[in-house]
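Chain lettering (A, B, C and D) follows the sequence in which the chains are written, and residue indices restart at 1 in each chain.
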Amino acid sequence: MCGVFGVTNAENASKIAYLGLFALQHRGQESAGISTIDEDKQLHTFRNSGLVSDVFKEEELVKLKGSTAIGHVRYSTSGGNLDANIQPITARIGGIPVSLSHNGNIVNSEEIRHSLEKNGAILQGTADSELVLHLMARSSKETFIERLKEAFEKLAGAFSLLILTPTHLYAVVDTCGYRPMSLGRLSIENAEKSSWVLSSETCAMDLVGAEFVRDIVPGEILSIDLSTGHNESCYFNMSTFQSKNKQKAKCIFEHVYFSRPDSLVWNIPAHDARFAMGEELARLNPVEADMVIAIPDSGVPMAMGYANASGIPYKIGLIRNHYVGRTFIEPTQNVRNFRVRLKLNPVRETVRNKRIIVIDDSIVRGTTSRKIIELLREAGAKEVHMRISSPPVRYPCFYGIDTPKRKELLAQHMTPNEMNDYLKSDSLGFLSEESLLSVMNDFQNKNKYKVTNFFHEEKSESSNGGWCTACFSGIYQDITAQKIACPEDFGEN
Amino acid sequence: MCGVFGVTNAENASKIAYLGLFALQHRGQESAGISTIDEDKQLHTFRNSGLVSDVFKEEELVKLKGSTAIGHVRYSTSGGNLDANIQPITARIGGIPVSLSHNGNIVNSEEIRHSLEKNGAILQGTADSELVLHLMARSSKETFIERLKEAFEKLAGAFSLLILTPTHLYAVVDTCGYRPMSLGRLSIENAEKSSWVLSSETCAMDLVGAEFVRDIVPGEILSIDLSTGHNESCYFNMSTFQSKNKQKAKCIFEHVYFSRPDSLVWNIPAHDARFAMGEELARLNPVEADMVIAIPDSGVPMAMGYANASGIPYKIGLIRNHYVGRTFIEPTQNVRNFRVRLKLNPVRETVRNKRIIVIDDSIVRGTTSRKIIELLREAGAKEVHMRISSPPVRYPCFYGIDTPKRKELLAQHMTPNEMNDYLKSDSLGFLSEESLLSVMNDFQNKNKYKVTNFFHEEKSESSNGGWCTACFSGIYQDITAQKIACPEDFGEN
Amino acid sequence: MCGVFGVTNAENASKIAYLGLFALQHRGQESAGISTIDEDKQLHTFRNSGLVSDVFKEEELVKLKGSTAIGHVRYSTSGGNLDANIQPITARIGGIPVSLSHNGNIVNSEEIRHSLEKNGAILQGTADSELVLHLMARSSKETFIERLKEAFEKLAGAFSLLILTPTHLYAVVDTCGYRPMSLGRLSIENAEKSSWVLSSETCAMDLVGAEFVRDIVPGEILSIDLSTGHNESCYFNMSTFQSKNKQKAKCIFEHVYFSRPDSLVWNIPAHDARFAMGEELARLNPVEADMVIAIPDSGVPMAMGYANASGIPYKIGLIRNHYVGRTFIEPTQNVRNFRVRLKLNPVRETVRNKRIIVIDDSIVRGTTSRKIIELLREAGAKEVHMRISSPPVRYPCFYGIDTPKRKELLAQHMTPNEMNDYLKSDSLGFLSEESLLSVMNDFQNKNKYKVTNFFHEEKSESSNGGWCTACFSGIYQDITAQKIACPEDFGEN
Amino acid sequence: MCGVFGVTNAENASKIAYLGLFALQHRGQESAGISTIDEDKQLHTFRNSGLVSDVFKEEELVKLKGSTAIGHVRYSTSGGNLDANIQPITARIGGIPVSLSHNGNIVNSEEIRHSLEKNGAILQGTADSELVLHLMARSSKETFIERLKEAFEKLAGAFSLLILTPTHLYAVVDTCGYRPMSLGRLSIENAEKSSWVLSSETCAMDLVGAEFVRDIVPGEILSIDLSTGHNESCYFNMSTFQSKNKQKAKCIFEHVYFSRPDSLVWNIPAHDARFAMGEELARLNPVEADMVIAIPDSGVPMAMGYANASGIPYKIGLIRNHYVGRTFIEPTQNVRNFRVRLKLNPVRETVRNKRIIVIDDSIVRGTTSRKIIELLREAGAKEVHMRISSPPVRYPCFYGIDTPKRKELLAQHMTPNEMNDYLKSDSLGFLSEESLLSVMNDFQNKNKYKVTNFFHEEKSESSNGGWCTACFSGIYQDITAQKIACPEDFGEN
């Protein structure tokens, strides 16, 4: 997971980008970077590992001159920790400086990498984003837009990109639309040109004072002319799909876990979606108890929804220490469940002698959940009932979420009953894939915003409303991912 | 506000202290430090400005050898930012190395400083804590305990201290007991000696796996013999009191704002106290509305209490960005209420067109509250009713809380009605001093823990239960503070 | 100017490389880097801006595992200060990791860069060295050696390279042999394989305890098989020469200025060459005086040679401050000739009332010389006679020395008489090109070391003994350089 | 050894001080610091470990406002590496901020420290300089000057001090005058007040453009009134002398080794003194040889003097690597005499098959000399004759030079013949104490500068011209040092 942010035609664009990235910090804490285009069409870039507020000081922002900027916060997915992978990445393509910020993950990167190297390309890092630049550089097409299209058509996987050149800012989302990207507008008094904002989430627009306009749609290349502020869109189609699944596949985990609750994601309020998941969870998995508590932070709205639907009061049962960050010290003597304690502490007076329903967003490996349950019992909880606002995660994600290997996923090996035994909870309940989709599609159906500029014939949302649920179902949109995840289905081990 | 933590007879005491400070990080982010005594009775100290996890890496902790440690996290109060003020401070007194961690504020420090310098003392920094060391160094008493007593008797104000020497760890609380300090015990298997823990709050005991034993009482000097693990107490009396008010004065703001909700403070659960304040607030200041929201984080339990007592649902209306820390960049274009936006963002879909009750812990200058109200209105709130879980703050604190000067306090100049106009809220309600004390004394009265080793005859809790409410009432325990706060009462301007 | 160093088959090769670079530090202070190949054929690289001893600490050297290493110290020539230009540079070529250290300067880099970018290459930095890697990567030849040859044949200019792959270390010198590179051998007891050392100068061999074996000759690719320690050579010819000048062109400034006096450069002792230049200068430009002084450090052996031939005593008249490095502070009040004073201070008691001959290695812009003369006069010198151990520098260097543009060269605009007036010296004398060559060729002729593996038919040393004197004569070996330096000769302005 | 520098009434005094310290860098590389007094009589101080150019950047210098400054470069002598020992040290004395820079070493510091601590003083670091401040702070005298005198009279040992207060700059030299301190004057056009400079060596005056005026004399307190620029002197007498030796004792090693050759030290040019030592050495210890070489840098003028007197040519036989600084890496394989090689490399072509006289300034432990001799033999030298420009060092220094303990001094255990065997030199010769004094007194006698404001009756220079030669003779000026150095003379072992 990463966050991208862009802005055009704004005085001190680097500062706006800084604030945008600051609001997207939850999407990636490993590195941060900003590129700008100045009046003389020069590209300036600064990037480093660390938090946004550590990487950039006034001094760096002042040097990033110009009224257009793109930025990136990086969460390590593929590509290791190499400095060469810190984004935005830059290159000269046909003599033109280009800067690129990428959120997502290319599935067929090994293949592309191999083919590029065979043809004499020299790759610096291991990040997918570099491949996009090389594909563009090697395209024989004449216009920049044609080069972009040719490059994208060779890719499989998820990519929400911002691409900055001396004359244009391009915003691109892959044909499935795995990751969100929204367009907004800054209202600047007396401005001659529109000042556009592009952001992974709308919470960044709130901070910089921009208005949400619409989402970038799957397969769209939005191109903003920096000299006039005008924008126009064209569309492309990735050639790497399995024939049957050519459809939208928005990552449902953006709503379950990633996004900030104050963001609109695909025009659905993340907080409300979580609250509704909690309500649905209460309906599907009721249990008698004294209170509902959350594993903060993402579990809080879910727990409040559960409490609302069940009538069981919501309480604060666990306190999160927000300073955790980079703590690494292990005590030498034995402190049980120490790693979890660093982040979460039970409110003893609250949980003692009580029957508790604990709401979490998901179970991946299960190790943390198990420890939290033990922690609560040590603090005196009489019963601990786990309720999870998503289905069991049984398959890895190849589209930008750093899930563990398939064999490390608890639900890959265990039934819910076995998981309950393993976690030592008194009971365990999940949201089914069907009910999660139903919650999300209820929002989607009453959604006031209507996508107009879109290939309805090609990417119907028929099957499930246009969500990627591969991590629950094992059904991937592209055959490369399908083969890696489920080699047995292809006669491979 | 600062946090202090100590531990005796524990393998790698520096790591335990590190974790203790980590749990107390909310009490001070400006600097952190640890001192240890090793087997050869050598004192080791490391301290620096920054967060606990930035100041200490494995390397530093390993060098801090020994089984006894004290630590400190500092919140800038008096004393500026000088490096020389980073604690624990150390000195040799009569050839013996001494390290000291201080939470609180000395009221008569100028007077003491002046007298020391006149007598040839050389002061390094501007922190109060240094004065304590000098008073001890210059005492003509023979035993260390007598020197401590003589020094403390010259002080006015708040001090909860840990003092480490090669042979003893001393824990001291001033005669009024302004700041909390608790004693706990680590349970180490097969240990020959007791392993004691001392901490400003009990949440740090939870993290290191210690059990709460009791609070250090006002006027107590607890002395732990490092060689045997035995402890004994003696008592002192500060000579600087006004004659009439020689009584306990626990800072009620520890419960209103400072402490972590998962801490026991003076044996009262902070979360429960806040929840009860919210309930009382609902009873005193009811209003019709669609929802109750909190200004996070301290306002959350209060808002839940208000919701509980009023029957109006609690909602998440504001999201706090936990990465704020050191951000300093101002946008060049006009973003309204920018500083507040950096920390808090309204959940638009939740507050739009709603009548909202907003719960905050206190109003000091009022500037932030005013901006939050404006932010909520911009996000579409129809009505905004402010409810404050404490009385108006009308007087400055001299006991360790960094409140502004009297003239900057909103309630100094305005009636609640005028404040409501200034804040542009639809209504404004406070908890009265009486009701706040009543909430706290209800807890205190049902308190199971009984203080046995205490001067009941001298420091009765009769008048108000033994709380300091000077910031509301203007009634201070010592005449120095009274004169600074209210010179008019003394015929001065 | 840069320095390169390599070593094979030595335990902790990174440490040997570190020491080698340390001895070559005078050839470049801007950045330093080392690459190693470990037992598993993995490439490790660490590089950063700064001095060798600042860039590398024990920690970094330990991580650079393996028994083969190459290193680089960089002096900024072409390529600006970009991080991407810090060497060794690395890339994967056909899937194989390659690391490259480059001393010299490619003359036709713009042309190559343009052609590469046109064909879709993405260039990271602006250093020439990257071009070599791209040419290799894009070669259609099958073997690595053939790819190297094809790449080199497209280059014009100076390049002394070390190239490290998982299986081989290659040492390459361009067809003219502008820059020195020597082969040496470590004597390690009981070693099964030879342990080779390659270095820009022999002083680095002295430090690591290696014996000088021979120089790498112009047009040679020496290839060391890392598994056996065997080496073999092949040869190439650059296609970019002017037809008439296909001959050796060793940079004579290596002896005049760059090399450390304790180095053998092309098998000639640098100290002795400088001493002989000073003697010849005394014969050509005698003058009556009380003493000969040097501008330290390179002028010292020259001044001693002048003193020896003239019978006038050598004295220490100027002291160099060796801490200069990064000082940048300008005094606000007027201190005359401040920049020069920072580096050099006259020994007043020595120069007062004396007639002084000052020996310097060269005059480029003349600004520093002028200030030194003024400094000496202020210190009381009665007469100041400048004697320069090289001819007037009239043309820029394109082969790795960072000389200013032609128009900034003092000798481009002035006759020696005019220069004497400008410098305000009492007299000024140079070594003629003829006499400088005669000094160097005297050494060369009595040289015991005989180059055996060499194309005698192609690269005769007939004309001038095989030295590049383009900066004095304006006669360059390749037409690209000739055109840039003297466009008027080609009908261009 | 340390360096101190001060300046008054100069715009941007911090920059002048920076440059002064830069020129004194050879006197101490461990730390650097500057204090200034600004227009509002505020004291500003910045200090850190590292070289002057590393510690101070433009930013720090700009913050050091004011027209008066003192600075310090520190060479670790007594006091360890504690941060608290970095100078200038500062304190408030009687409410007045004071900053102090100290060159020298207090001999009775343990005694003073003990007495201060007994009386309740709290000491921060372990440096002697802090004691001076405490003695001043505790003085009951009324005027600052009287307090200074009272403090100094309690000290034994060497101290050349600069003391800065909001109103005055004081320069002080102990009664023996062990360490040099000179007064100079900046010539600033149209200045209303004199701008004074104080410096350990005159080379710093050259750099900032100041004129040497005179030396501060032993027992002098020069006091400059910052408001008028006027200065006046008074005198004190240390009470800690042995009765018989109350006389001047200038450290003769300042001329043998420490000072920069371009400095005037006690009005004698350091370069000329060294040249004359070399000449005298040739007269006393002639030997037949092919060349004289120096161990750079201090040996160079001595070697040139030896060559001049003997008629044997001076040659460059060893090259010093000026980048040495902080290198710490040991090669894993065996490189003989590696540590010495890092600093010095023989010029092989010069020394091969030659009989060589090597000139060094002194022999302390002898380990380095032994290795250099071996290095020269390995490089082919036929004979190596060591000539030392000072007598054998047999006793430790307590006055600021960091010599090893008595038992580690080679000459303590060996006769010159035994030393010759140990060093494996072909012959070894020293300058006798008598001849060294005679060289120095020849300069002193023809010295034009006459000390007028001085106690001639008390501190005659009769016995030896007023030099401290304790390290050769074992005769110390104060009884504390005598007892530590030669306990056997006092009936102690």
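As a convention for this text, a contact is a pair of C-beta atoms (placed from the backbone, for glycine too) under 8 Å apart; a residue touches a chain by one contact, two chains touch by 3 or more.
Predicted model only: the values in this text are computed from it and were never measured.
Q: Using the contact definition given at the top, which chains are in touch with both chain B and chain D?
A: Touches both chain B and chain D: nothing.
Q: Going by the stated contact rule, which chains contact chain A and chain D alike?
A: Common neighbours, chain A/chain D: B, C.
Q: Which chain has its C-alpha centre farthest away from the C-alpha centre of chain C?
A: The chain farthest from chain C, judged by C-alpha centres, is B.
Q: Using mean CA coordinates as chain centres, what's the gap between chain A and chain C in Å?
A: 52
Q: Centroid of chain A to centroid of chain B, CA atoms only: how many Å?
A: Measuring from centre to centre gives 39 Å for this pair.
Q: How many Å are there between the centre of chain B and the centre of chain C, using C-alpha atoms for each centre?
A: Whole-Å distance between the two chain centres: 65.
Q: Note the residues in chain C that touch 2 or more other chains, in rising order.
A: In chain C, no residue touches two or more other chains.
Q: Which of the chains touch, listed as pairs?
A: The complete list of chain pairs in contact reads A-B, A-C, B-D, C-D.
Q: Which residues of chain B touch chain A in their complex?
A: 10-12, 15-16, 18-19, 22-23, 25-26, 51-54, 56, 58, 61, 186, 188, 203, 206-209, 260-262, 264, 269, 271-272, 300-301, 304, 308, 313-316, 319, 321-323, 325-336, 341-342, 345-350
Q: Which chain B residues qualify as touching chain D in the complex?
A: Those in contact with chain D are residues 91-95, 114, 117-118, 120-124, 133-134, 137-139.
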